[in-house]
């Protein structure tokens, strides 16, 4: 091999060399400034890439190979430390470009607040957008101790933007107070508590044909399966159920137009199992949702 | 805020400032001197308190908020290193005071031997006491290599004190020898092997109206869910099943008069998932059992 | 006690002092030179021994005690670093001796390639041998980037030696490419994807009376239950299902003539839960399969 | 002992029960929102308290016992996540109260930016204040990528407030660019590169009689001695040299009027040696500087 | 190789197969029941053995090879959990046998209390015994909170047995209270604070020709060099200074008649550097002191 | 910013985008197949790159900024697992290209055997080459248990190729047997045991004007400073002494024509201090040696 052609830098395995011939764009959003408990999701995207080295390229679940789908790993957006407002503006601008070129944005967090500008950007193109939200936490607060830009508010913001009746939450087992759950009930938002795969399979037919954005917070998994996250919450689902959910979406008739996987904080998990699981989820998303 | 009113020291979240206006008393028993495999549960109570910072205060399982229940975290009893007999005497004396004031004792271990003086103290007040014992280990030994004060003997002692027919063990998947299991069979003790939630739901109606003490050894969970414990034992239950058990007791007609959660040894778990799970169990116990 | 009789060195608990009065021989194969992702299974055998200290000697699953079965822990074979060919030859020679003496070989890996010489050795004695293969990975490659001696090839080699129709794989959820799965389909090999206990119980009656070799790759477990392995793969089975599989074999009519447990890499698991689970599996194998 | 008198919560060992009879006030500032590399110093103060349990109460260096000095551990200031401006305002207000009561503020960080409001508060009372700054980093930036409230700016701010000629930096071995070092040279600030104890002993006589504030960034130590910090920097001093520096100040004629110890991020150090060292430094500061 | 000759179990490298042809006996004392801070030294001896695999067998410091010295690793004494009195009696009896046979006892701890019965046993044979004590802690307490059998008392007991003027302590930088240091001054015990190699080289000529027992507490090293210990204490010596001390003794004219290395608690050190250093110290002790 | 210009993948900070305008080429050699103790240096190069994010770009030691030197990080050479011979051939071919283009090769290991093909390649261009070898181990074996391609042989091979009198070893404190040290003495090789900076400063003037290749094994540092390495060896130098050595070479009159830094195995160091130190060494090498 020639030295000027060696594997240059670390990207998700099988990334195409440029964005031109790629249908999907993987990008990291290394932001964790508003996290209330354990920070560190800023290191999530790169460790997910690193763990992808250990993945097989073929999925026996979907009988597809990573070479069957084209994507470009664009690296991390260089977000400014401690400045949520500017970070969100940068993510928004970045996502706008991807969408403008007709590509599938696949964002890696970072804290959950990064989902907000992504949904805004997608919604502009798809006014009939639905959001599938898979998470341990409702994230429906108006603000967090007075701060509207918080990792516990993005789904509330999404509801207010696209209509709560277009938001479907799964796996919720924690929320800050009764108000979040009361809002869920009164606003028309769909919420499946504790479970993911079963209620999702019931909802998917109702969304057939619609453009859907999917946001996955890794903490929907039990800490046994994903200890490397900021706000781990006991009582969650297994990696197997998460895979089942990804495959259910892949085999449904919804039209996935963008997705993110957030809150992977690798430093709390010396076993690396969280990034190993997350990189497998990314592979299955690429193979199943990017068409 | 005024500096002399700042959050002073570390207690379980939402602890009342004094015991006077509290129904339940949380207290730590940092003792691990008789542990045969991996010591370290002496650090359990304080790390459970620390992890409580990451908890939401509202439970969507029980639709209750920590402000709906009054409790005081009294800190750890200063037990003497390496002296099981004196430690047990101190715990007994401590528990007597709590019970005398009509409060609910909620003890955090420490090794399982600490349960013995707690049951003794409770039994004095409630002669018709039943004990629900949730654990990977039978803990029915008469002694451990000649030593009657051992972490593998407390349930045997309880049986001899309150009558084996009043003790109900769940989740048992390990025991030192056939004698423990033979004793279980012959003594009239109820033992559900391997499982917890299902058999518990069958037993609870039989205990309706009775005063019940509940002791939970964190190692009933599979090490996947609670690696931070001294004698981890593969093949256990999930955090979800543990929550299901806590909620089943909460919704039953038994009269819980005291409880403990023992054998959390945080140093074996750098992911902190064990204390994160334990602090959630404590929250649900407070919300569900303290009435 | 006399100082010249003290517990001398570290072996699996209750190992007999010499091989003469032992039915089974435990031995380690500390080899990981062809591992593609995370090396370190060379340390597996000794840490499994160390964790056996924390085991109870009695199994409530099988109602048997380790004193009911005779085995000798012979230590590790001193394999040459970085030389797969010589290592395999040494394992083969070693296994031949055990089999010649009519003893049950129970090998601890080490990478999965060590299984290949063990199957060869057993097959020489039992020409009607069947192999039960429990693993996350198909391990059916002809070679790995041109190298036929690789940790991803042993089951392919076994198929070619004893006939693919005599190989039964369980729990497979990963493979390098379509070719492995196509080979599985076309060759007559039995493969149960994703699950272990249920399909195994269906197959066992068909193998009644036959000599069977069982190879277990610890990575069949989900990383939640066994993070300490080289190529962890999300979406696996629980420790409980693994125990169920071991017990199903124990209670079946197959004639287990040898076994191995491979790919335990303890350094990736500071919680030690992987070696704790593995040592329990070894105990149940000894109690259930050595007759 | 009586249960309502048990050790209630976790404070630095030998803390007095109230602030009234205390000369010094220990308080935590759990803020890390502007950290550019590894966040997590928000957990520093509580883990330093926890590690103090392992300390002996007597110092053979100073021949003093913790009972010889009175201090109150007031807990952590509840700072708002992700909001540097409000956090700094709260710290300022908090410090003002301590100083007003004539007490010695001993702050535990948190990121280094917390030093800025402390110096402001102290300076108001002592217009002839000098600052001793012990750190790996110059922290002399005007801003960090446009953000003036950054963990790399507090010493620049201090220079501008109290005059660069009143600031003495020791141990500096890193800085963002030439500008920081050029500013150091041109502004009149004293800077000792790489070393601490030797240059400090030369400077202390010049400061005799003056009120001095001392700020210690734990990263002045080599990562070998303090791996648990956000921006670890190889090539630092030993714990022994840090102790030597603390004792040199204790035995000098300067009048220490306040101090802080910042940037302890315990999650990066599973050995706990960073908090163990930090808690010893706090003990020696209490014994040596609070008079 | 023949399978019945394989490396059987885990012993310190190059251990002779039986004690008969060995001059020195290595044995473990896995006891940590009286430890006040972080327990776990019970696992020290076996992890030191395991780390010895990574050692070279030749010492360029002493120009000797492990084959030049004969020793037998007898394994661990099976001490009863939580029973200090019986444990000490067993160690005493065990040591008596070794000494009776004229062999060199080299004990591995375990907590420092194990040194007490070893000194008693040696003293019986050598009434003119001197003790070299290398440690961070004075260990001169009469009792610990009323308990005379504590890890902080063994040197006091030794002083009372063999005369304080025959005890030489080095590296001491911590003690419970002034009384320990006052006792040191008044009793005639020699104590070098903070340093080891330099004062030791001054003392060794005074001990020429005398029988000497050497006890090394690993916590004399700074936690940077030995984080895996129960009561880590910042400000200690380096591994290099420890080696220098061992070599100074080796090259002196004292007659070393026994030694121990205690307080290695491997679970606090995931880097394994503590056991790696300890195993090297054991090698140098074997090569330098066993003559 | 435009999404197709985002930071693409992970390289050493400030790497130029292509090799054309770069004087030096950084490349990884992720090979650890012949390691005898703890494998894992295959992950070294990428974690050094990752840690470079935390570095400041300016060096106060050398008063130079990373923008003052041009280099290209070419990524890792994709070496075949478990095949030392082919790996070495690939490295050789790769290095030949770099040298042919007149660029400075800066290789990151990987095990020390990778140094051998690099020296061969450089020597072809510079027949009067001298080698500076900084390491804990002599690496002078002819073979390792019969295997000539071993991590303990590269310096022997270098001696035989370029003449032992042209090889200068520093910091050596371990070797497999007397033969290595006897060879050192008899062959004319220069060896400074235990120390690095002082003897190096004595030797450098003798090498003035000569082309010099420098190979640094990270294990020359004490495990306190670099625990993340395969064969950690207590008694080493500090990070500060390593920096002093790098700067001494930078300020000397030797003509450095290539260099490597090997044996960084990040998984043994959860504190990340080893890669943090290594990335700083790389920065100083770039700033000081590439002219």
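Every chain is named by a letter (A, B, C, D, E and F) in the order it is written, and numbering of its residues begins at 1.
To be clear about the criterion, contacts are C-beta pairs under 8 Å (C-beta built on N, C-alpha and C of every residue); 3 or more make two chains touch, one makes a residue touch a chain.
If you want to know which protein each chain is, UniProt gives these names: A, B, C, D, E, F = Agmatinase.
Everything quoted here is computed from the prediction, not taken from an experiment.
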Overlap of the chain B and chain E neighbour lists contains C, D
Can you list every chain in contact with both chain A and chain F? C, D
Matching chain pair for A-B (criterion: over half of the contact pairs shared, by residue number), options A-F, A-C or B-E: A-C
If you take the mean of the Cα atoms for each chain, which one ends up farthest from chain D? C
Quick one: point me to the chain whose Cα centre is farthest from that of chain A. E
Using mean CA coordinates as chain centres, what's the gap between chain B and chain D in Å? 40
Measuring from the mean C-alpha position of chain D to the mean C-alpha position of chain F, what distance in angstrom results? 38
Using the touch definition from the top, which residues of chain D touch two or more other chains? 36, 38, 222, 224-225, 268, 270-271
Those chain pairs meeting the touch criterion are A-B, A-C, A-D, A-F, B-C, B-D, B-E, C-E, C-F, D-E, D-F, E-F
What part of chain F is in contact with chain A in the complex they form? 1-4, 6-11, 18-19, 25, 27, 46, 49-50, 73-78, 90, 93-94, 97-98, 270
Chain C residues touching chain F - in the complex, by the definition given at the top: 32-36, 38-40, 42, 80-84, 144-147, 149-150, 267-268, 270
What does chain F use to touch chain D in their complex? 53-54, 56-58, 60-61, 63, 65, 222, 224-225, 238-240, 243, 270-273, 276-277, 280-281
Under the touch definition given earlier, write down the residues of chain C that touch chain A in their complex. 36-38, 137, 172-178, 181, 193-194, 222-225, 227-228, 231-236, 268-271
